[in-house]
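A, B, C, D, E, F and G are the chain letters, set down in written order, and residue numbers restart from 1 in every chain.
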Amino acid sequence: MELLGLYYYWVFAILLMIGLYAVIVKLNLIKKLIGLSLFQAAVFLLYITMGKLEGGTAPIVTDANANGLFSNPLPQVLILTAIVVGISTMALGLGIVIRIKEEYGTIEEDEIQEIDK
Amino acid sequence: MTAFHSHLPVLQVIVPMLTAPLVILLNQKRLPWIVATAASLCAFAIAVTLAMSVMAGQTIQYSLGAWPAPWGIELAVDAFSALMLLVVTGASSVALLAGAQSLDKDIEHHRQPLFYAAWLLALSGLAGILVTADAFNIFVFMEISSLASYVLISGGPDKRALPAVFKYLVMGTIGATFYLIGVGLIYMMTGTLNLADMAFRIEDVADQTPILLAAGFITIGLALKAAIFPLHIWLPNAYTYAPNMVTVFLAACATKVAIYVLLRFDFFVFQPNLVGHDFQFTFFLLPLSLLAILVGSSVAIFEPKLKRLMAWSSVAQIGYITLGASLLSVSGTTASVLHIFNHSLAKGALFLVMACLGMRIAQLRIDNIAGIAQKMPWTMAAFVLAGLSLIGVPGTAGFISKWYLITASFESGAMGIALVVIILISSLMAVVYIWRIVESAYFRQPEEDLVITEAPIPLLLMTWVVVLMNVYFGFAPGVPIELATGAAELLHGQTP
Amino acid sequence: MYYVVTFALIITMALALTRAILGPSVYDRVLAVNMLGTKTVLLLSVIAFLMGRPDFLDLALAYALINFIGVFAVLEFFRNRAAKQPEEKP
Amino acid sequence: MLLVTLAAAWILWSGFFKPLLLGLGIFSCFLTYVVVKRMGYFNDQFFALHFSFRLIGFWLWLGREVIRSSIDVARIVLSPSLPISPRVIEIKVTAQHPVDQVILANSITLTPGTLALDLHNGVIKVHALTEAGATDLLSGEMDKRVAQLSKN
Amino acid sequence: MTIALSFLIPIVGALLILAASRVSDNLREGVTLATAVALAINVWSLIPELMSGGRPELQLFEILPGIDFGFQIEPLGMLFAALASGLWIVNSIYSIGYMRANKENKQTRFYVFFALSITATIGIAFSANLFTLFLFYEVLTLCTYPLVSHKGDAKTIRSARIYLGVLLTTSIGLLLPAILWTYFVAGTGDFTPGGILEGNLEGPALGLLLGLFVFGIGKAAVMPVHRWLPAAMVAPTPVSALLHAVAVVKAGVFTVIKVIVYIFGVEHLFAEPSSGWLLYAAAFTVIVASIVALKQTNIKRLLAYSTVAQLSYVVMAAAILKPLAEVGASMHIVAHAFGKITLFFAAGAIYTAAKKTEVWQLKGIGRRMPWTMAAFTIGALSMIGVPPTGGFVSKWFILAGAFESDNYVAIATIIGSTVLNAAYFLPIIFAVWFSREDPEQKLDHGEAPWPMVTALSITAALTIGLFLFNAPLIALESQIVGIVK
Amino acid sequence: MTVIFGFFLLTLLLITAVAIVQSQNLFVSVMLSGMFSLLLAVNFFLLDAADVALTEAAVGAGISTVLLLSALAITAKHEKAPSSSRVGALIIVIIATLVLIYATLGNPQFADPNAPVHQHVAPWYLDKTAEAIDIPNVVTAVLGSFRGYDTLGEVFVVFTAGIGVLFLLGTQPGPFAQSNPFKLTDPKGLRHYLIPRVVGRMLIPFILLFGLYVQFHGEYGPGGGFQAGALIAAAIILFALLEGENSALKVIPRSVLIGLIAGGALLYGVVGLFGIFLGSNFLDYSVLSSNPVKGQQMGLLIIEAGVGITVTGVLLSIFHAFAARGKF
Amino acid sequence: MELFLDIASWILMSLGGVFVFIGGLGALRMPDLYTRMHAAGITDSIAPILIIPGLMLQAGLTLASVKLLAILVFLLLTGPTASNALASAALLAGNRSEQVKSTAVPESEE
């Protein structure tokens, strides 16, 4: 159980680094953005994991589950916001990528640098 | 304190914020600008009022939704944030007042409502970071300001603005996400998001690996946002290709706000609680600051593009700010905070001059401005004065902070002498790169006859206002010094 | 008992994922994604019962709707691409 | 008609009968109605809901078909040799109304072993996994039943 | 009030010059002269108060705790200010002639920056503390750059860059740290009689600080930071006069003296062995610069190296650290100012009238330009230190100081340099008056334009006057000595 | 037991992530990231985060796939062969991963009730929600009221992204739209496809209604303004796919969209300001009604509506802006 | 009665699970796109038909049942539609992409 719990955090770590790797290494701008969203997803996982409570359930109090054990609502709230931030960033990033394509005719970073020289 | 006064912290943020949706609904030619400027000035007035209250000895707190502190979000304005608010709102107001024509040139008319809305959002985002006392709320407003900044920068006339802003976006997002991870880890260990509460509760769990990790993440993330060497690579291009007025605004405050958060976290939350935390300052931040200063200045010396030159100079100047902080003394931090203020003045003025030049010259390169001082005497005179301030010549604001920085270096013992030497060397480098421009503008013959005139009056006027502020604060730096000292004492946990 | 279904679903999801990764054509991947989406809807329904919160079926409903839209977006995308490369008709 | 369906859907989803929520429900239904009207739902003949008891009968029949062919396909999948003989056939649709045509096509797809590839001008192109499935379909049983649906 | 006026007059003058240039050149130059005269009267009017022991001051504001922006007049500063403001009149007269005769362009810029340079000089002279002094020191550097680079061609700009580079580098790299150090150890930078470092800084550190100051004050041109001075020779002659006689180098040595007297404190420094190197450095500079001067053929370069030598003379005098020597040092500022300005005026006159710049071209020119060359002779004699010139008086005092302290190095240097001075000036004088003109050259020039001749005559007269009527000056300088004691 | 499911799902998640990064075909990456989002959402659901799961599904699998695809349609489908300098980055990343994994050993035990997270502020929220706001969904209560300021910020983040994309791509068609032959020949979406069209049309009203349902039941179950906005926008995007860009714009014109964007954000802000005008603090809803609890509920309802309106407007605007650049 | 319903629902759900698995397996084993779609079709049609009623039996006559029914209807409506959309897209690109080339779709098609 304990190890399984840790596994969540490990997945966070690995995902984070996979995302970061994609952002650093990939030259394609859209791929970078996808990597970025993986990167952010890792953080979502971190927060939600820490909010889980043994035996708890989703923090929506109805008559059926009034035993009083609920997972922590706060990280969930934070992550709702973070998801929205993520998609906003992605949308803006894509907008920029489209403009880059229009101006440069490519979305590969090295080719863009070549053109800018 | 009247009832209205008590709402000022939140009004500081929401006045520009709620004006933004209104702005995009406006279609008349000048109206978006007028409304945006009015909102910005209003924010500035609020910032001044807040600063006065803070100087009168109050720390202003405000609970949003009337929920008490660690549960609800709390706003708090102290000396540090008051000073930063002045910088941010001031920079925005100046740039807007000065920038109508310059922005007309860069941004098509039908896109202007959106642009000014983004401007106001950037402003409110930065202000939001400064007033809040909640770690997660900082993230939210950081993102508002960042996204808005991306929009603003992407309005640049050169197509190279786009890759630049993309790079900024990627790095900025990584920075913000790192910060978010750090906050999450701290929350995991302390169960709170309120900064003051956090500083208090972190003591029990200090030195456990997650907290150390959190410190690392937060520091790196914010360093990315603040363009601290060697994480500065997004900055030069972003500043270079942004519309001139945007550069004025952002150069004066965007990275500084990230530094603000960094200092807050490091001194407030980590420093008192983490063993060996001060080592990290000495072993990482200090050498990096020095490198930033030297590398930034050296690159600036050889850079032919004016705005890029200024941007590299900013990298160096950020080095000064972090250098002050890394000395870990009250006087060092004072110097650091003070330099935030003074560098904003100097760099703001310089970028305003760039905007003036940009109104008349297509490509801002050193060779292109040969002999321009004859045609634009006022502009170049402003440049000279602002440049002196950047160098740190006595009688200008830039001197004051360098003075404090050097004093602080001396205090730090034997190493201090070496620091002073480096500071002075880099000042000399600043002389060189400023001088190259002055020389070209004043003492070289234009290649062909320049048919240009002086910059538009409002722009020039605001440029001179800022330049004169440089001089004014060079002779009467009482207010910023008081606030900066207050901030430093606060950060070091000494109640003034 | 829910566990059996859940496991069956998860394993099928893994199979779908394998198909998505193997390809070979993009259409195979779309197929896999679509399959995975359907399985997710079912999985969510089952888990809702498993966790004793049947009121969370809203989620499954939302998924069903969204998954559908996603596939249409893909179709539109292909149709476009096909149109973008005008072929010479024999 | 649509409004009634929507209202029913709302109440069944919501399950709350507080006045506020009911009010919001009515508001939502009308909002949806307005948007849908703007989308031109009532301008052409595509959108037609007709219920009949035959539909239920059809569904039951269809369900049986689905189960039967599912087992067939499952057997194929599980057999080591994969005894498939895929082919493409075309069926002419008897029903005229587009909705009915679509129902037929979807029913074909829904039945494992057959897959409607294309519906154009009343002709459905079908991909069948096995010979048996193809002949089954060509017998026209399904087509007949669908055609009967709209015959009132 | 008078102090404030000392700044307002030249600044307003600069603006008026700018305005007047739109109207006519004559008006512009009229304004220049009027400003110069007004300033001189204003500055001189302070002398009586000073002589009676008053120390007028003007505190403007406090920038940082312990750092003020303010002025205080004491005898040494007064001497310098009076000198500069007085010579500005003469120099203006000369400039008018020079600029017109040589048809220089950008004359307005020239006059404006000249006025600003004077402002800065007055600021240096009157400053009450190191901070204010540094401020005006830098302003002076920057204001003179446009003057030095007046011609604007590539070569000039290169030389001007050296000028600026050396001065700024030394001031920011060495002087500023020295000032900061001072503030840091003493908590203040106010010029205080008897110095402020006593009890605050002892031992080798004191010598180090002295080094930072002396080399940081690049304007004093102690070797090896003298490079800017020959480089600045590309400037028009009135500017050279300004550099060498009126403002820049004088500001350098003035600052050195002032720092030694009012920051270190003569006695504190005298008691500290580690500061002895200064004397040797200065002596070295005197000798070496004189030898270099000996080899120069260009008149202005020769004069430039002569200046380097003479400046170190002053520094050395100050470094003797005896009251009489301090009087001699300040006296030598004046004497050298008069003498050197005369020499430069003469050189400029020769250039204007005959377009000659080299020493060997001067054979027999005394017959065509008797006034000019007479003045030149007087100036040269003053450099050597021959009576009846001002140079003799100052050397006398310095020598007296040296004997007082039994400083044989200083004595030897003075004697040696006198010989060297004679060695490079006397042949010129001889050639000018007694050689025959080169017959191959077609010569038809006479004297330079009258404003130039007038100006150089005045300064020559002053050089002699300094020998004859030096009592008031010595009285003024004794005030410094009084403070020293 | 759910943890074991979690284990499998997380493993799938990791495999998907690696596949996303490895794939050279951008389209495949996009499809896989859609799957990734679904898997992630299921994981969230297993971790009791129903609201988050709904949002992740609506955003990750729905909206972001659509956006990525429309961007792909304009830009490129394949990425170029990767650069050579990958090994260094890989090593760094692996080291960093190991460091992170090592650091997790100090984390509080998974789902431990004694962990600090569950001790300090969380119980207060659970108690206080029942007492002061009296709605079942604590997440909504925290989101809308206790940390309503964050949510205001979130709305403005969306708002910023919306105006950002509009600013970048404008309302005028870009250069590619003209050069794109497809745009001119067939602006009508999936008209020729009878089956999708008929089924789609049948579903759209229900999707819309479901969106509104999610909107207004945010206080009772998972959901709220953001999810609702995403769903409603998805419904209209579906319509646009089926009937073509222009038909969708006829239904909700651009001017209306701008109005929605601004109006929703303003609505939120104005509710907050009412707190000030009525003598309390910003975003204090309890003063909206004589009964503080009723006031809170009213405030939540209105701000959720504001969120929903803005999100719908922004997402649609972004979609249209992308689509106008090249036919999607 | 309880027990009977339980057993019925367990049976339905288990069967559903089995079919789901078989479908997944088929999707992996089948040789080309179209045949794979048949296999996937199992999971799209028979699996919901079995599993969701199984759940409905568990839920009894509650709102949850209604929602389940709605889900079922949606799935049955959208599943084939999506398959069809995919198939026609593949068909559109059919004779261009080597990978999609089916054993059964003739070359001349389109």
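As a working rule, a contact is a pair of C-beta atoms (placed from the backbone, for glycine too) under 8 Å apart; a residue touches a chain by one contact, two chains touch by 3 or more.
All of these numbers come straight from a predicted model, not from anything done at the bench.
Asks: After masking subunit B, report the chain groups that remain joined by touching.
Replies: Leave subunit B aside; others group as A, C, D, F, G | E.
Asks: Using the touch definition up top, find the fewest steps from subunit E to subunit G.
Replies: 3
Asks: Please identify which chain has its centre, taken as the mean of its CA atoms, farthest from the centre of subunit F.
Replies: E
Asks: Please identify the chain with the largest separation between its CA centroid and the CA centroid of subunit G.
Replies: It is E whose centre lies farthest from that of subunit G.
Asks: Across the interfaces D-G and B-F, which one involves more C-beta pairs in contact?
Replies: B-F
Asks: Go ahead and note the Å separation of the Cα centroids belonging to subunit B and subunit C.
Replies: Distance between chain centres: 47 Å.
Asks: Express in whole angstrom the distance between the two chain centres, defined as the mean CA positions of subunit C and subunit F.
Replies: One centre to the other, that is 19 Å.
Asks: Please compute the C-alpha centroid of subunit A, do the same for subunit F, then give the distance between them in whole Å.
Replies: 12
Asks: Going through subunit C residue by residue, note those that touch at least 2 other chains and give them in order.
Replies: Residues 7, 13-14, 23, 30, 32, 51, 53, 55-56, 58, 61, 65, 67-68, 72, 74-75, 79, 81.
Asks: Give the residues of subunit E touching no fewer than two other chains, as numbers and ranges.
Replies: Touching at least two other chains: none.
Asks: Would you pick out the residues of subunit D that each touch at least 2 other chains?
Replies: 9, 13, 105-106, 116, 119, in rising order.
Asks: So which chains end up touching which?
Replies: A-B, A-C, A-F, B-E, B-F, C-F, C-G, D-F, D-G, F-G
Asks: Which residues of subunit C touch subunit A in the complex?
Replies: That would be residues 51-53, 55-56 of subunit C.
Asks: Spell out the part of subunit E that touches subunit B in their complex, as residue ranges.
Replies: Answer in residue numbers: 60-61, 63-64, 67, 69, 131, 134-135, 138, 146, 149, 152, 157, 160-161, 164, 168-169, 172-173, 176-177, 180-181, 183-184.
Asks: Could you list, by residue number, the parts of subunit D that touch subunit G in their complex?
Replies: Interface residues on subunit D, with respect to subunit G: 9, 12-13, 15, 63, 66-67, 70, 73-74, 76-78, 82, 84, 86-88, 105-107, 109-119, 127, 129.
Asks: Would you tell me which residues of subunit F are touching subunit G in their complex?
Replies: Per the stated touch rule, the residues are 193, 195-196, 199-200, 202-203.
Asks: Give the list of subunit B residues in touch with subunit F in this complex.
Replies: Within the complex, subunit B contacts subunit F at residues 3, 7, 10, 14, 17-18, 20-22, 24-25, 62-67, 70-73, 110-111, 114-115, 117-118, 121, 124-125, 128, 136-137, 140-141, 143-144, 147-148, 150-151, 154-155, 187-193, 201, 205, 208-210, 212-213.
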